[in-house]
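Letters A, B, C and D mark the chains as written, and numbering starts fresh at 1 in each.
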Amino acid sequence: MRLSTANAPVAVLSTIPSDSHTWNLVYLHLLLEEHGFRVVNLGACTPIDDLVAAHLRHTPDLVVVSTVNGHGAVEGEQLVRRLRRHDHTTPVVIGGNLGVAGSADERHVPALLDAGYTGVFVGDRAVDDFRAHLHTLHARPHLAASPV
Amino acid sequence: MRLSTANAPVAVLSTIPSDSHTWNLVYLHLLLEEHGFRVVNLGACTPIDDLVAAHLRHTPDLVVVSTVNGHGAVEGEQLVRRLRRHDHTTPVVIGGNLGVAGSADERHVPALLDAGYTGVFVGDRAVDDFRAHLHTLHARPHLAASPV
Amino acid sequence: MTRGRFASYVADNQAAGRLVVQPRMGFATTEQMRGGLLAVRAARATTAGTLTLDSFTRVGDHASAARALVHGHDLNGYPLVAHGAVMTRAMLEDIAADDFPVQVRHGSALPLGIFHALLDAGLDATEGGPVSYCLPYSRVPLRAAIDEWAACCELLATVGDGRGAHLESFAGCMLGQLCPPSLLVALGILEGLFFRRHGVRSLSLSFAQQTNPGQDLDALLALRHLAAEFLPDCDVHLVVYTFMGLFPRTPAGAAEILAESVRLAVAGGAARLIVKTSAEAFRIPTVAENVAALEFAATQAARCAAPTRRSFDPAASPAYAEARLLVEAVLDLHPEPGAALAAAFGTGLLDVPFCLHPENANQARSRVEPDGTLRWTRTGRMPLRPATGHAADLGSAELIDMLAFNQRRFDAPTTEPTTPALSPAR
Amino acid sequence: MTRGRFASYVADNQAAGRLVVQPRMGFATTEQMRGGLLAVRAARATTAGTLTLDSFTRVGDHASAARALVHGHDLNGYPLVAHGAVMTRAMLEDIAADDFPVQVRHGSALPLGIFHALLDAGLDATEGGPVSYCLPYSRVPLRAAIDEWAACCELLATVGDGRGAHLESFAGCMLGQLCPPSLLVALGILEGLFFRRHGVRSLSLSFAQQTNPGQDLDALLALRHLAAEFLPDCDVHLVVYTFMGLFPRTPAGAAEILAESVRLAVAGGAARLIVKTSAEAFRIPTVAENVAALEFAATQAARCAAPTRRSFDPAASPAYAEARLLVEAVLDLHPEPGAALAAAFGTGLLDVPFCLHPENANQARSRVEPDGTLRWTRTGRMPLRPATGHAADLGSAELIDMLAFNQRRFDAPTTEPTTPALSPAR
């Protein structure tokens, strides 16, 4: 929600098709900006087609999927499988509440990694872990131009 | 299916609204005739309204409900409750397979008797018991004119 | 001839010499129903799937079906309308396909709601008929059933990608037993003509195994011959039903009656068989029992000699002679098949023995001969002659005896007359 | 004024001095949903029932909802369209009645299918709005939502026995938090005018508890005053929502924020309250937790002084002044409320802070003052003045701080400024 430099790395920020929550997206938008990203924030209930189109248009350095409505395990998996048809290398991470029973989220992690995510962030430490993950991305050459 | 004498006792023979089986009705028709009844056989899938109408028109000495489709416990109870609004005294009996799980029929007997049946015939001895019951009916004065 | 999914599957398999076998199967919940269909699909047999609907749905009492589901009570079939199209599509997802068509079996005299629901759910095959689902299964006025079935056929004819949907006449199964085959054959042709008149061109004609295999084969061959004569511009296949009456109680008897129906289907040129299971005498079969019956039937069918095109001499066929007489007499009543059928029952020109529907004359009577042959003992006002030498009156004990004929024939074969050979009766 | 079941129940109870309390509640299966409604109905409180729909149904993906049901997966609400009218009527049988109306809550920008399903199921009350269910909850073009909501209103207006159905605007809850109340009030009036234009005359206007009770009460009184001015020929009641943002985590804090919302509802003349539970900060509440919250709210409401008709001076109300300005500016754009709303968002005349919908300008920003008051820090192209002395830019940590304001206020009240008194803010 602020201007970034033109050569800043780009993050596409999205949720799953059935998730209408957005405060998580507003927060992550600010957080990603603070870590030097230019953010394309797709907002609530993003159809997978819209995400794929944004991905092809913006060729982002990072895709972040945030979801809290309990359908993340199902739709998050469909989403990344679709994305991976077009792109095998870009980091794609997901986080939030993935199932209807909040505390059982851990059990969805292996399937989501299998499906193509490079990171899955759940539970009390999700945000801290995600911030740490952002720092590891900065160590990558093409992101080196944009430290916080 | 044969002619009976005009002063023969009358049996209304029916099934429940959702039951399309009729061989049981064909058999009972013959059996009731052999026991001296004139039979009004209402056939398959008799709506309860039709049974009540036949009851009011024919003022039978006996109402026999035969069902084998598994809905007897539910619809048989509705049926007798409706009938008992008009008639508290005429013997009304039910028999056949009352539930979807054939062998558990016994457990429906108390509720059906409570609802207004004067006899419930289930299990292997159902037909024998029913025949015996027909003989006890013959002992009643208004049926005495029509021994087998 | 364009064919929809169901008819194409059946025709392709028949061309390849494979008998399509199909269960009766219906469960209350989508989860159970899906499990049953998956098991049938996975069976080692050439199968088609079946959705048998429950009795509440059959009579249009969808509220009672839904109430049972909400309260967790069991139902004797799948409540298609209560579940609705969205749930049924999800239930069928990745199951119903060109290599596994699914047919809806319902037994409803007034099935327009069921037809809408099955088409909305993406299904395109069902069965029944204005007579065969009215007279035995309801008190619905025949004229009302005829009008509604006409609308149903016209609905079926308009759907899909122009290939249309498939409709099977249940007329060859009227009351399941004790009806001499000629009347079953005649009713099948008449319902076929009714379907065709209302736009359905992909249809099947049924015949249920009775008590004498020679008589049954003659009937099936007569049905095929009459279909070619009366429905030359339709895509027609024949379907045989394993005996629908009191079923043998021994495993060996149940297996043998099923095997006999397989031989009948293959010898008679039927493309499809609706099986019964060894549990049939006792209760609704489980999925596993259905799969076992389907696989047994498939094994039996593979053992039969490839069906040779038998020479069939209509002039020598008892079933053909009587059936053709009945069909022509009915068609003479009115140019519309529906009106002709209504008039035929109204006048007793057609009369189904032991059928309790208020509009059936119920003057005709039949009996089972010692060799299992079904004969008319009384023909009412039908233009047929009863067999001689029989009393038409029947007691309850005798009725039970007749209904149990196949039970005795297959459960204790050594104490009965030898099972008749499988050749057309003369 | 004729009223349907829902509005009559609410009005009768308000006349008798009873606050109607209502949960959020939706379960996947008909059995669970029925159990939940029965429990709400039996609660020791004046309750209305709620059917909250699941997220798949909200976005029109009924196939996914049905797939979850068939495979026994959980859903975060009741899939009304997948279950359909027949099942839903059975689910509601002997529950939904004049003394226990049930409202459908869905969150759909394009809800025509949901409206058809709920009316088919015999229900007559729902909520949402062309802006309030589009901007926060979807990427649907606003014009498409406006057109579909117009059709929905016109459908609602035609149903029933002439009494019509009831529709609640969700506009007073936009994004749940951080939106200064004047914009919420203005949007409520504008959606009310839209409903009325398309035939709905029985409606309710909502307001969600924010971070300062004095400011909230001023907003609620302004909303009531504006409703009387702009919707004089409609039957309107007010509904308060217990705070919808990050919820207090301590039982005492959760109870107190709920109690505060009860006091707000009673003091502001609301007829209905949508509660939250003590479990809200952690997970979807159980039925028992919902019942406990409803009963607690009822007890609190009974303790409040009977609402006296407060004298309300519009000239002294910050919410009234800004809301009236916004409403009139929007209505000046076009004589049709729908077209006016579309134009207002298209030009940034209306601008919801933090709202990510592509058609929202998203230039406006707000903040929470130390006393909980919400103030504009940037107003974009809205005809409003921002408060002075604030930087408009906001970091992620500061955002989290603001979102957690009520959590801190109620979980650790002694370390925070004293909870402001419940009197209109000036």
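Note that contacts are C-beta pairs under 8 Å (C-beta built on N, C-alpha and C of every residue); 3 or more make two chains touch, one makes a residue touch a chain.
Protein identities per chain, from UniProt: A, B = Cobalamin B12-binding domain-containing protein; C, D = Methylaspartate mutase.
What you see is a predicted model, and the numbers here were worked out from it, not measured in a lab.
Visitor: How big is the gap, in whole Å, between where the Cα atoms of chain A centre and where those of chain D centre?
Guide: Roughly 30 Å separates the two chain centres.
Visitor: Centre to centre, by mean C-alpha position, how many angstrom separate chain B and chain D?
Guide: Each chain's C-alpha centroid was found; their separation is 58 Å.
Visitor: Pick one for the touching-chains graph, please: line, ring, star, complete, other.
Guide: line
Visitor: Kindly provide every pair of chains that touch.
Guide: A-D, B-C, C-D
Visitor: List the residues on chain D that touch chain C in their complex, please.
Guide: Going by the criterion above, the answer is residues 30-31, 34, 62-63, 65-67, 69-72, 81-84, 86-87, 89-91, 93.
Visitor: Where on chain B does chain C make contact in their complex?
Guide: Interface residues on the chain B side: 1-2, 17-20, 22-23, 25-27, 30-31, 34, 41-47, 50, 69-71, 74, 99-103.
Visitor: Help me check something: in the complex, which residues belonging to chain D touch chain A?
Guide: So the residues of chain D touching chain A come out as 55-56, 58-59, 61, 64, 68, 73-76, 107, 136-139, 175-176, 245, 282-284, 354-358, 362, 393-396, 399-400, 403.
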